[in-house]
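Letters A, B and C mark the chains in the order given here, with residues in each chain numbered from 1 onward.
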């Protein structure tokens, strides 16, 4: 079940990468690259820093194929504004929730410090989108947007805390996933956001 | 022979990095950094994701010295427009062809899935140039340009397929190299390109 | 002592990351991310390329906590222009000097080639700031600025050379640290800089 959610999240993130490529008028290869880095960038950095190499998509290439296919399909899907406006944000929230939980659990299974496991969850959820934006020449949206990374932080924290105090991982997984999803959907629905740090340097 | 082509490709990529630095008015250190990351960036990411660490230039520092030297020489070379206009694109095509083949073979030698080996070939060929452009504050050219990455994809695919069906690696190497080179040179000569995915979001 | 200087450098680099986030009006999470990547980015790339994984902050999470705390404190500190104008550049020079020496020594302790150890020192010192600038959508300052990376290069070189010819590491450490610090402070004081490579391509 979690594996399927993971694949679902991969596809959804790939769609968001491909759409960003479309906004920048990239060519077919650009669409593929943006789709793939958005989908697997977070998990890649997680595995690299944890030393869990080769990284997950080298071991299980289905992630790459899925992300590429989702990127290509997006070129057609992009014409349906309904899908983008309604479906994509919700699917993206589900992908984010899944990724932050999976990232945290993968780190925990490697025996790292709990605070590092939380960080790995957040990184898995948001880093792909950050690379996507950097490749598009923009300041990453996640550094500016309404409670996106914060939802990943909540989900990863809930997962890690429950995994440490409860026997078994199932409850921690679902509680983490649902809490991240709930916060992200609430942020979308009511436009919640973190305070902005405005600082005009005189340098 | 392949080792010498690899060094040649490294030097050529370093030149293209240094020229990009010149267009951005970077200082001497900036020229060196751009030269080096363009030359070794692709192979570095390949080795990191494959878990083949320490990465290749830590084991064999000649790559670093060569890229640095090529970057410095470029400051003088840059005055010769003829070199840039005529020689550089062709040399760059040869570097690309070499890198995609070497990347694919290095991945194969580590026993990964064939589709991953193809990806590693493409990554070795194009990722250095992507970092170069990101450091210069631009959307990577390779995501927009005429059949650049596609040539790497062709070369890596030919190499991997032939390496799997034929005994010995020599024929796979040369066929991969020549097919990538031919497609890239054809793309330069006749301005061939992939279709662009134009998508104006209403968000 | 070196460990404390390392923590000091981490905090100072985090402050510079958070200030950059403030100039870009990022939200609270953006401030944290910029603070953390600036503080630990260089050491992370060093450890990744050396294959010394999991990277240092996975093993010792105090770096992450310190960088996050320094980033948050900065939001208040930012109001004191005196701190920024006078204290920060000098503290940053000390951080840079410490990082380049620590990076070089860590590489040496893993038995790499001396030229690679020097590069690792420079990378540890400057790469965090480069990621900071890329995330802010700017061409990295370090590629353009007055003798910043060059100070790291001097410090790392002095450290590596002395570590190879002298018994014990203490003298190499302090000589490297002081030489990098001296050059950086001199560059700030007298506005010293490297020549710029200006090249207007006709492409």
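Please note the rule applied: a residue touches a chain if its C-beta (ideal position, glycine included) is under 8 Å from a C-beta of that chain, and two chains touch if they have at least 3 such contacts.
In this text, all values refer to a predicted model and were calculated from it rather than measured experimentally.
Overlaying the C-alpha trace of chain A on that of chain C calls for a turn of 120°, given as a multiple of 5. The two sequence copies chain B and chain C touch through a face in which the numbers common to both fall below half of the numbers used overall. Averaged Cα coordinates give chain B a centre that lies 29 Å from the centre of chain C. Within chain C, contacts with two or more other chains are made by residues 48, 53, 134, 137.
Contact residues on chain A toward chain B in their complex (touch as defined above): 18-19, 21-31, 33-34, 44, 48, 53-55, 57-58, 61, 64-65, 75, 78, 81, 84-85, 134-137. By the touch criterion given at the top, residues 48-51, 53, 110, 112-113, 115-116, 119, 130, 134, 137-140, 142-145, 148-150, 153, 193-203 of chain A touch chain C in their complex.
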